[in-house]
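Just below sit the structures, each encoded as structure tokens.
Here come two complexes built around chain A, the first alongside chain B, the second alongside chain C.
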Partner chain A sequence: MFEKVAQKLKEPLMPKCTINGKEIEVKDGTTIMEAFYQKEVPIAHYCYHPGLSIAGVCRLCMVEIEGMPRTQIACNTKITEGMKISNVSDKAKDSVKWALDFHLINHPLDCPICDQAGECGLQEQYMHFGKYEPEMGQGKVKKRKVVDLGERVVLDTERCILCSRCVRFTDEVSKTNELGIFNRGDRSEVGTFQDKPLNNNYSVNTVDICPVGALTAKDFRFKQRVWLLKNRESICTGCSTGCNVNVYFNKGGVYRLKPKYNSDVNGHWMCDKGRDTYKHLNVEARLTKGKKTEEGKTTECDAGELAKQTAQLIEKIKKEGGGDSIGLIVTAQYSNEEYAAMFELFKIKLGSNNVFYWINNQKTFEAFDGLLYRGDKNPNTKGLLRALSKCKFDQTWDKLEEKIKAKQLKIVVVLGPENQEVYPDISEKLKLLNSVDNVVWLTTNQVLGTELLKSCWQIPVKSTIEKSGTYINFKGLEQKIKPVTNIVSGALTLTEAAALFAGDEIPFDSKTPVKGERVWNEFFHHRGDL
Partner chain B sequence: MEVKHLTEHYDKDGYATIKGYQKLGGYENLKKALKMKPLDIINEVKASGLRGRGGAGFPTGVKWGFLPNNGEPRYLLCNADEGEPGTYKDRLMMERAPHQLIEGMIISAFAIGSPKSYIYIRGEYFYPKSIVEKALREAYDNGLLGKNILGSGFNHDMDIYSGAGAYICGEETGMISSLEGKKGQPKLKPPFPAIQGYLGKPTIVNNVETLAAVTLVIRDGAAAFRKQGTEKSPGTKLFSLSGNVVKPGNYEVPLGYKLIDLINIEGGGLKPGRKLKAVIPGGSSAKILNKEESEKATLDYECLAQMDTMLGSGAVIVIDDTNCMVDLLGVLMHFYHHESCGQCTPCREGTGWLEKLVNGIKSGQGKLQDIDLIETVARNMCGRTICALSDAAAFPAMSFVLKFRDEFEFFVREGRSKIKGTSYAKMHH
Partner chain C sequence: MSLVKKDAAIDRWFLPGIIAGLFFTIKKMLANIFNRKSMPTLNYPEEKFEYSPRFKGTHILTVKKDGSLRCTACMLCATACPAECINIVAAEHDDPVVEKYPVKYEIDILRCVFCGMCEEACPVDAVRLGPEWQIPGVNGSNFIYDIRFLAYRPALKGGIPSTVEDEERHQAGI
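Entry: the complex of A and B
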């Protein structure tokens, strides 16, 4: 009996209320806005952001509460027992309509040339609450345009609705405090102190959370209309944090990455460096065909074909010198499944223990900026280490150098890095490999310098956004990646490559579209985040 | 009739110095208060019915009662950021009787148990500030501030802070932001200052006149304080009379006094040949009263609330028949447009819009629907922002258009002022 009472006392208060006529129960202390979020009832708002403090300034989230003479803001009003809340009543709608009108009277309405068009909060709410003839017949307030805020962000103060999300972001999240709102009244402008630039590693988050076209990313602006882009989830490969991202792409390639909310990993944010990782995924940077360099001559061929030739070569070398003459160099940039396939091939099929871990920047591995950015610039170091220890591959890099010098290795297969920028020692490694007779380099991207090798076959492999698999992040969280789009259709995954190296006939057809590719050409009506 | 309670000795030389003040009974109330229990003081103030003299008219004792009893340090702030157009009573009080304020503050601080208080003086009030500073030094020198005040064991420190001259810093949370060293912008409520105010600690903000009046409550007791004024608006209050009267100035009269008497008796009436047209009874944010309403109105919270306006800060602005209402509204709208802090969208954008609409009419470019639009825009600015500045801008706009519509319509039709005859349109081109 006492247990029951104790349980009862432990139970948190759960006030009941109704939202648009539907009864719900929420935790004590929940604001109306949070309740709308939890129950996924749409509510208009600009200044509220779940990752930031409450500002309560846009006055768009007005709701009618039974018994209260005036409409209230949802973001700063806590739910109490029996509250009857509506954001669809005429009174609430009228409040929102007027709040929106106040936002628009001095807005330049330059949607045709605005990058935000298509994912703009003003456009969206206007379609819900507006659709009226504008009553503002007076001149608009003129403010600064094309203000260069820093390396990555451009500001248009006329488009700005002064929701203060960006200011709160630099105050509360990046804690760099670059931004502020200067001046008063309708002369208020977002700006930086004494034009000190906004150059922190999280600056583009301000662009993401800007509900209008005031802050735009230099990297993305004027590149593509957002309604011509589709987005799918993926994982950022920039470092071992493994931020969840949305990849925005169309048949022209990938245009940008935006953070996707994950409370366990990255919250609402991602870093600027991570946003650059899409660049090496596009076709311009990629290896699109198999490349054979032999005695200074390069010929191109199909990836699958080249893999089959590699299989024959491996078999020949194995017959002559046994498994010990075959080597594998691995980087921590591939998925767990790919390591499993490759390692199985080497351990069981080829009987080789010559697996060497190419570590890029170990000195900074433990570095962390306190928010998201980590020194380990690989998405799957944990996964690789796990796979290596499972297969008991424990040879050090010195051993590799020794074996190359002793001419023990007749062929070396390299699982080259997807992001070569974080492997600054790549040319050094090439020099080392120059004394190996046969080098098979599996890579997503063109590798500069491989033509210097006596003999090098380069096989194009699929990048993070073209394959399925899992990565394990710094804290051991296993995260899934799914095919987002297909950029190099002839490329192999390492799993496929391993099968082909083993001499298996796999149903590999370079023309098979990746699931989801069919919808490329359809224009989706796109809704921006929040 | 003028009743001099607060201002009894204001015209005496040396009253601003501690010697002069003490000679006339100064700091006796403090001695008396320090012997009382703090709760008894709060209850006495509650019983006196003293209402906030800054504008909102909230019962002072009740406000003090909101403080949580959690042992956290609490602050007492004196709002001397007298910015409401037409108001200049606090200036007089600080110039003539700074010790009255300081005494009232120490008593109030003792009652609420506050170890630290600030006087936030309006940025432009250089002279009053210098006088209060001097008085503060005298108070410290005489053991009235600091440790163990008058041997009572009560410690209290007081300081002066000056803003940069923004109207919005007179709003209590705007003032707190400014005092914290931030941009003077009102804070979102809840939490209210009594729970989380200055530096996140419980804070009481009271007007200069309110704090000074606490000395009267202690001196005479709640019952005597209630002898003046009305049931719901007890006591006397200073009114800053300005505009088209013969003798503008600060007058202390009991609440409930007839507005027209204040104008005609204390103010000496209008200039010869002029006729009363309108009165703004409680500072520029109050809705305007026309002639008939002004003649009926009494100066107390309830009567003016009934007439859909407010007592506000007690700034009575008298307008005679030589004034053009379109012109006047233009002045007011310019003020609020200039002073909006820019946080909340309806106020930031609405104040500018209202000014543009009135200026449009004044420049001869107005349309008849603009008059309705002024009313609509103003109505939609009311009650939808963090603080009351938006309402303060909307109230005059709505009431001017409602009560003097003919002047606005005339301006639109004729392109010139009905009163002054000036053609702004011609001036404009």
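Entry: the complex of A and C
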């Protein structure tokens, strides 16, 4: 008998409850809010965030529980056996309405100039539960607006609903403790002590989690209204962590990156440095046409044409000097598929073993800030190392230097870095490459200083968000990404470039859209769909 | 019995039709010559038609009491515009009370369909469709109206004041 009891105690308790009439089973200790999240039932809330501790201050997640005289908050009430919970009953809806009414007493109605408009919690819940006439007889309490909080964040204390998400974020996640709530009652204000700047590397996360427009990002401020943007998933290429992101873009280009939840990689957050990586993706920074510099003269031509000319040049050099007079320099900023195609070209078709790995900052590769940001500023170092060892390429920049000095290389193809900021030694390397007769530089962005080279052909290639591919992050997790949008349509992927270098044609997908089938148009504005 | 009425023999001939048409034209011409008041057309450049004051013509950007632009660059007009002819670039204003203002507000009037949706979408009475309708231009660039034209063209005599003022709203506790 005791055995049976012991067996029973070992089994995890799975209390059953009903959410809006549907019976569900949850783990013991689950709060009502977590159960709503698990079952993906929408529930109004501001202060609860799955990545932060529970505060229970916004009083908006009110649910009616059968048998209880009053409505309870879902975020801090644990589920017990047989609970009957509803957030759609009239009583629950009425409590949410009143909670919202209190939130809006002192909220300024400056939605027209507020960046959060369109993704604002107050707007959303008002359309669900509010739609009342304001009954407040007194004027609003005025607070400070446009408070400068350092390099990345602007604070508007008037719009704040004091949910304390940002305060808990700096306490618990970034552990920098800058933000706090000062004063009491309706004079309560969120802010930093004496308006000291909020300059930690995770500050913009507070903007993301702010349910209203109290914290706005300086970088995105007033650039675009959010309802004019579309978003698609991708990964951040700022470092080897490979955070999952949502890329917000429209026909004007990419406007911002926001973290996307992935428990294996980044959780709910991403760093501020990673958020800047969209800047080199936009067309202003990009190389849009092939550039051919010969003896100081630069001419422009299409990427494909230049790649074909390169193929002819490579063939000529191969006939004269053999495969070993052709070299390839690789950086860890491209996808596995592209490395495979390029290495196949060099190893099998050209018979060259001259593949050199360009390491940018090996001293800091192991650096880690304890949260997300890593010293290895390449998204696919692991993938490149795997591809190199598979083909038994083990040469680095020192070997290249020797070979260039010995005049063994007639042509060097460079798979240049996409994010050139993390390659500060780029101009030094260019000086060295100056003694090679032909340099073919495959790059997404305009390379500064290539005009110093005697002969350099720059071929535009597609950036991370324009191609599909696999990237392997620091711990060996393979992440497949799909193209987000098209920014430079004339650019090639490295797979296409490798095919053209080998003298093949790029397979062209000539599938015409079936009549009646909706073609996804990237320039299509979707409006009003919040 | 067929329901299709066949042409009479005379209708197949060319000349009778021509003569009947000319007779109608000449009749109207003579009526216009001898009774000019009944003529529905205008001698346009000299005579102009008076439209009702509710006519929706060329856009106006209203101004505040101090003469600066009322528009807050909220982009609601650009969002509502079915012809997508409004192009706004917003920027941060030095004055924290104003906060956001348009550095560029352009209307491509050749794309505009004068539906008035921008006027209805505007939360601060910053854009209106005015009574003007004579909008000639020499080349394409004349038809992209910028802030200078929309708010401060000579016909507006220094700008049309908006009915919504921030100062008054703040005093009322809104």
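Criterion: the second predicted complex is superposed on the first by the 497 of 530 C-alpha atoms of A that agree within 3 Å, B and C clash if a C-alpha of one lies under 4 Å from a C-alpha of the other, contacts with A are read in each partner's own complex, and residues count from 1 in each chain.
Just so it is clear, a residue touches a chain if its C-beta (ideal position, glycine included) is under 8 Å from a C-beta of that chain, and two chains touch if they have at least 3 such contacts.
Being a predicted model, the structure only gives us computed values, none of them experimental.
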item	value
Three-chain arrangement built on chain A, chain B and chain C clash or fit	fit
Chain B versus chain C as contact partner of A:G139, first or second or both or neither	both
Spatial angle chain C-chain A-chain B, Cα centroids [nearest 10 degrees]	90
Chain B versus chain C as contact partner of A:A502, first or second or both or neither	neither
Chain B versus chain C as contact partner of A:A311, first or second or both or neither	neither
Which of chain B and chain C A:I113 touches, first, second, both or neither	second
Contacts of A:C301 with chain B and chain C, given as first, second, both or neither	neither
Touched partner set for A:N76, first chain B, second chain C, both or neither	first
In the superposition, chain B vs chain C on chain A residues touched	B
First, second, both or neither for A:R221, with chain B first and chain C second	second
Chain B and chain C, minimum CA distance [Å, superposed model]	12
Common ground on chain A, meaning residues reached by chain C in one complex and by chain B in the other	138-139
Touch list for chain C against partner chain A, complex	72-76, 79, 90-92, 96-97, 99-100, 123-124, 170, 172-174
Partner chain A, residues of chain B touching it in the complex	166, 183, 188, 190, 337-346, 348-353, 356-357, 360, 367, 370, 373, 380, 383-386
Touching residues (chain side chain A, partner chain B) in the complex	54-60, 62, 70-71, 76, 95, 98-99, 101-103, 105-106, 135-139, 141, 161-162, 164, 180-181, 183-188
Chain A residues within the chain C interface of the complex	109-113, 117, 138-140, 142, 145-146, 221-223, 225, 227-228, 527
